[in-house]
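What follows are several structures.
The two complexes that follow have chain A in common; it is paired with chain B in the first and with chain C in the second.
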Partner chain A sequence: MKNTLKNVFHSPRFLVGFIIFMCILLTVLIYPYFVHRDPLQGLGKGFLAPGTYVSVYDTNNTGTYRVELPEANDNRLEASVPVKDRQTMLDFLKAKGTDITGLDTSNEHFHELIEVWRANYDEADAKKNKYEGFATQAKRNELRRLNNRLSSDVNAAMTVTKGEGDDATTAAVATSDYVKVDEVANALTLPLGTDNFGRDTLTELVKATGISLLVGLLAGSIATFIGLAVGLLAGYVGGVVDDVLMFIANIFTVIPGFVLLILIYSALGAESRSITTCAVIIGITSWVWTARSVRSQVISLRNRDHVNLSKLSGHSLIRIVATDILPYIMSYVVMAFILQVSSGILAEAQLSMLGLGPNPNELPTLGLMMNWAKLFGAYTSSNAWWAYFPVILVIALISFSLNLMNTGLDQVFNPTLRD
Partner chain B sequence: MKTDEAIKTELQDTRESVTFGADRNKDFSQEPMCLSGRGVTRVFHTGKTTTVAVDHVDFDFHRGELISIVGESGSGKTTLSKMLLGLLEPTEGQIFFKDKPRDISTNQKKKEYWQGIQAIFQDPFSSYNIFHKIDSVLLDCINMRGGKNKSKEEKFAMMKEACSFVNLKFEELTNKYPFELSGGQMQRLMIARIFLLKPDILLADEPTSMIDACSRATILDMLLNLRNETGMTVIFITHDIGLAYYISDSIYIMEHGKFVEAGKAEDVILNPKAPYTKRLISDVPKIHEPWDLSTVG
Partner chain C sequence: MSKKILAMLLAAVMLLGTFGAFAEEVKDLPREETLYFGGQQWDPIVGYNPLGDNMNNGLILSAAPRGTRTVMFETLYMYNGLDGKLYPLLADGDYAWNDDLTVLTLKIKPAAKWSDGKPVTADDVVATWDVSTKIQNGTYTGYAPYIEGIENVDGAVVIKAKLNDEGKPANPLQVLNFLCGVYIVQKDWAEGLCAKHNDDQTAIRTDPTPDAVYSGPYGPYFANDQLVAFVRNDNYWGQDASMWGKLPAPKYLAHTIYKDNDATLVAFQAGQIDVNQQFIANVQKLWEEQGLPIATYSDEPPYGICATMPTAWYNMDIPVMQVKEVRKAIAMAVDYDNIIENAMTNQSPSFADVPRSVMNPTAGEQAMYDHEAVKDLQWVGKDYEGAKALLDAAGIVDSDGDGWREYEGKKISLKACCPDGWTDWQAAMNMVAEAGKAIGIEIIATFPTWDQYQTVFTKGAQTEYEIFMWSPAGAEPAAPWSRVRAFMSSEFVGVDNNWSGNFGHYKNERIDEIIKQIPLTTDEAELKALYTEATKIYLDEVPSFSLMYRPEVFHAVNETVWTGYPEKDDGNNIPPMDCTDGYGIAALYNLELVK
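Moving on to the complex of A and B:
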């Protein structure tokens, strides 16, 4: 036993898979101790890109510090009109046929570029002429938004007015006024932004990973347990029991499992679909292959001499199965279990992605997050990669690590696969 | 092909120069019956083909007798041995255990029957549960024989005695797994097991066929010792008629599921009647003369 474990952990494949899986598991377990936020609490409105959000109101109510940054002006210019936008401006001017010699996206020529732009851009004109590359409405809308942003002067004097009516006081805000982020009462760091409901994607993702692992674990346990029981019984007892059990198993094999899953699921109705129901249904539709392979292994074992000797020793059926058969196929069962967990997680993700997942008001799952991202156009119109890409990555990593562990175990337990 | 006369003289010559394992002078027919069978048949159905593995065989095994069942591969020896062990039920015929019809219809009755019969199998490497240590294998036997309440020292002494009976040192075996031993050692440990269990009947299904020639003689002698010491009936199943002649009191020759010849070892080997027996005898390789292969069919 000790030796087997040692061998297992000496397998590089298993080790890599194990480390990845443990990292995911530890994150799921530890993260809630640092972030107490409810994963389904909406923080904002719509997709917010990853980053740190600081309250504008609070920044005006903190002390200011005078900081002279040498590149402050350049940075300000770059932040207000990024190089990408300047290139768009240049492209538009070029398409319109304006002379753009001497103009580029650098800060030195920025003011010249703005002047040329103001002289040449006209919304009605752009709509009428449909210049090459700017013929679509979306492109013209982009130009209009860009123009609106340019209409205010970047370096114009700014004042902040506090209070109302006669009490109102106005203070000038100098370009060299800084606030310390720590002093701002409300700042929010969203490493993965928010989803369409304005929920913190990272918190949601961690919770969803935990739930999905739980679903996979439960579904895998159920499938392995049923498969093992059926396989052992059919294989060891044989005869009519074998025929009946294999008949049932064959029926399950012939019916496409996923279709059956969808039918059962849609019959249940969204309200009664809990996480547990989800796991149980995935479990009871996916035990067949475990049962078949356990059965074939047991059949090859049942006529082995040590089993016959055990019978001659008068041991009971349960004891023979438990001590003379089960230990021999245990490695195989562990491997089957790992695969079942992996396919359970994937099955949940597939179902939820189709909108047949567990009740979406209770808890997030990886599949539900994908479904929300799909429904609210994160893939297309909103271009909010942070709402779906991390989910895909986590699903891929879980299934990759579990499969890696499985092949690693296979290599250890199956001598013919050793290098 | 050698004439029958030639074989006979040759065997008689050999007999004088060899010490036999078996005691040729004892008559077992007066001993009480241990295991007998009438019309025992086993038919296998695979799809549409029907195989008659054992075809209406009759046998009488007396107490303390060492019986060899000899036949080539596929002659039905192993099927017969499984039926004798109660692992398979005959499809036809009846087996009698101690003069009473054997009844193994329930688990309890099976358990009782198995108190009286034990086996040593062909392949020592697959005879052990690889997850159990040697100690637990032997302890299990003591517990089965009602030694559950014995003290640790008593159990230890019993295991030690059993091991020394088969020339193994128990001190070297404790905390080892069976697969750490050699094939010969494992088979000897099997005999130690039988020594502890002391059944009425021991069925040895080709116990030496996977063992090298040097260990073979040791194993055979241990089986004989075991028989002599405990008075158990030993059913020795083999394809090697030479071994059978060396060890047994009676020999049953099996061909295509039938006993073609049966009787005392002397009679069967020295006066073979069935052509199959003659063939088996002439098939035994000789070290000092060319091997006569003319009879090999």
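Moving on to the complex of A and C:
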């Protein structure tokens, strides 16, 4: 046993797969100790891009530090009107026939550009005259939004007023005033942003990965258990038992598993779709090929000498199967189990993607996350890669690691593949 | 030998088959002359019959008073949701009621002609009604309770209202809906169709009539399972100065049949669709982040004109739903701001801006009830404590300590349903379920397929869904009366295949009286009092509750090829109704090429 394990861990493929899988598993187990948030709790408003969000209110109640950053002014100009927008301004002025000599998109000429723009842009005028290249509603809207954002003096004096009425106090905010982010009472880092419901995607993803692993494990165990039992019985007993069991297995083989899964699932109705039923149904529809291969291996084993000896010694069926047959196919069963787990996770994701997943209000799953991302146009209109790409990556990594472990094991146990 | 011949024959057949596929009629649609639509047609069309049912021809046959699509067939008037007025199309000038609202008279425009060159006359309107009566189609079943008959009196159309037991007109508002909600057909053509089928009702209603005589600006061009297209009739009567004074800009109107919403959206982003009728989550990101030449009616929330309100209905056929406190508590607990921000991505005004009532958020309707009088009955949403207190006071408590409240000893478990794939509604139902969780009532969001959903919620009695979603009537001449009726009228209780309203089968005698009274009331103060009372009853009894406001049709345009679409405050008074619906069709005459 020790030797086998040693062999297994010497296989580089198995090792890499195992490490990836353990990393995912450990993250799932450890993460909740650091972040106690309910994964389904809506924090934001729709899709928020990844980043750190700092409360504007609280920054005004935090001590300020003086920092003189030489490029502060340039940064401010760049953030207020990016070069792309300055080019749009120039294009518009050109289309209108304004003299733009000496104007460009640089920071030096920024103020001049804004002055010329102020003198020449007028919403009603743009609407009426439909200048070339700016005739469409979309373009004119863009100009208007740009105009609303413009401020010629990005270093304009700013004050913060606290309180109301006579108690109000006003404090000036200098351009060199800085706050230390970790001193702000409320700052939230969202490494993967939020989904369409404003839920923290990372927290949800970790929880969903855990659930999906659980579904996969449960589905894989059920499938392997049924497959093993049927395969052993059919292979070892043979005769009528074999015929009957293989007849059932054949029926399951000819019906496409996924179609069967969808049919059972939609017949069940949404109210009974819990995580457990999901796993059970995936399990009972995917045991067939395990059963068939176990059976064929058992058939080749059942006439070996040691099995015959056991029979002559009057050992019971269960004992023969458990001690003389099972150990010989155990390595195969473990490999099959790993693949079953992997396909169980994928099956759940596929089902949820089709909107047939477990009840979405209870717990997140990887498939459900994909489903909502799809429904809310995360990869079309909403432009929110963080809502679906990490999910795809996790599914791919789980599946990849499990398959890698499987091939690694195959290398160790399959004599024909041994170097 | 024979095997070889057989094989060669088979090969020849297959080859011919391929040619056949290529030979299928595909006509040219120059991009610069074609206006492409999206989100109106999901399957191949069945036919063009304006008298028929189930023609599944979205671009030309969509008759609803709020905005009938008058691309091929035309109505007497066009409704404009922006100002709530009727604009004459086939009709000439305004209609006139007599004093007791029993007879409506209107004239037909002298310039109006059919596609075969014959003039449109009052006889055609009469024939439209008579043939509809004969074949018992949707026009007849929809309007027969309100219209006694239509006559041609000296060239004028005279519509006689049906009278009720008291000798008063059954409902003058519905007669107005007829004016802008029914396609007028040619007498000769309709009678020819009847003769062809020996007056067989079903045969007439299901005849696809590809050669129908029409009066609108566009006629059939071609249609297959991938695309449906219409071509402009350059002899269209509307170029007469008494109507539009010119022809619509696009020579062709076309609609590619896409697989689903996602495919439609991708085509829209790529500029293959000009006018898109589809809910687009975070539509502003299309121009703000992706920089696409896409615009909506206004580029600020709510981006369009919200005229209806998707509503969650309580099913009164289920005992626990008859408890007013349960209904109100759930409605109080729902987080509406969250629905509007997340499910509608802000494409709806909030309930703080437009408090709930039986009115849609347009200024015209909002002025029709007394906001102050119902203030105490309003709720803000996400009021878990208030909802819990209400339930506790009503004795709906969790007595076995499992975290869920019981009613008559049984755990309350409700299903909240809406059709699968209706994104914003699904998200809203999820949030209703969350509200239930917060106040100890189990609510499970369930999304049946559309086929299943539509048969269940329209049943005369059903116990499958406790909470389900549908929208009442939006903007139309008969609104907001039609909405009060859709929310609460008991006339729909027990009616099978009910698409008209009160899907939850709520009963209230007083509201039935109000519904009868409103259409016959012309005094504005009295009308306002009635609407205020209706709102009071609605907010107090909570037979249903609106989850958000929503446009009747979504209207987003891609200005890659065409521009000049309606936009807010452009002074044209054209509603953003996809350039085809009701008065929205006026937009077709203002389009220009971007070049």
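One rule holds in what follows: the second predicted complex is superposed on the first by the 348 of 419 C-alpha atoms of A that agree within 3 Å, B and C clash if a C-alpha of one lies under 4 Å from a C-alpha of the other, contacts with A are read in each partner's own complex, and residues count from 1 in each chain.
The criterion applied here is as follows: a contact is a pair of C-beta atoms (placed from the backbone, for glycine too) under 8 Å apart; a residue touches a chain by one contact, two chains touch by 3 or more.
These numbers come from a predicted model, not from an experiment.
Chemist: I want to verify the contact counts: of chain B and chain C, which reaches more residues of chain A?
Modeler: Of chain B and chain C, C contacts more residues of chain A.
Chemist: Output check: A:310 vs chain B and chain C. Expected answer is one of first, second, both, neither. What do you get?
Modeler: It touches chain B, and chain C stays clear.
Chemist: Which partner does A:82 reach: the first (chain B), the second (chain C), both, or neither?
Modeler: A:82 sits against neither chain B nor chain C.
Chemist: Return first, second, both or neither, reflecting whether A:324 touches chain B, chain C, both chains, or no partner chain.
Modeler: First partner only, chain B.
Chemist: Looking at the overlay, what does A:12 touch: chain B (first), chain C (second), both, or neither?
Modeler: neither
Chemist: Counting contacts the way the document defines them, which residues of chain A are shared by the two interfaces, the one with chain B and the one with chain C?
Modeler: none
Chemist: For a test of understanding, state which residues of chain A touch chain B in their complex under the given definition.
Modeler: It comes out as residues 304-306, 308-314, 316-317, 323-324, 327-328.
Chemist: Which bits of chain B are touching chain A when the two form their complex?
Modeler: Within the complex, chain B touches chain A at residues 85, 87, 107, 110-111, 114-115, 117-119, 121-123, 126-132, 140-141, 144.
Chemist: Across the complex, what residues on chain C touch chain A?
Modeler: For chain C paired with chain A, touching residues are 262, 265-266, 269, 280-283, 285-290, 292-295, 299, 338, 341-342, 345, 413, 415, 420-421, 423, 426-427, 430, 433-434, 437, 444-447, 557, 559, 563, 565, 567, 570, 592, 594.
Chemist: In the complex of these two chains, what residues of chain A are touching chain C?
Modeler: Against chain C, chain A makes touches at 42, 45-47, 127, 135-139, 141-142, 144-145, 196-198, 269-271, 355, 359-361, 372, 374-377, 380-383.
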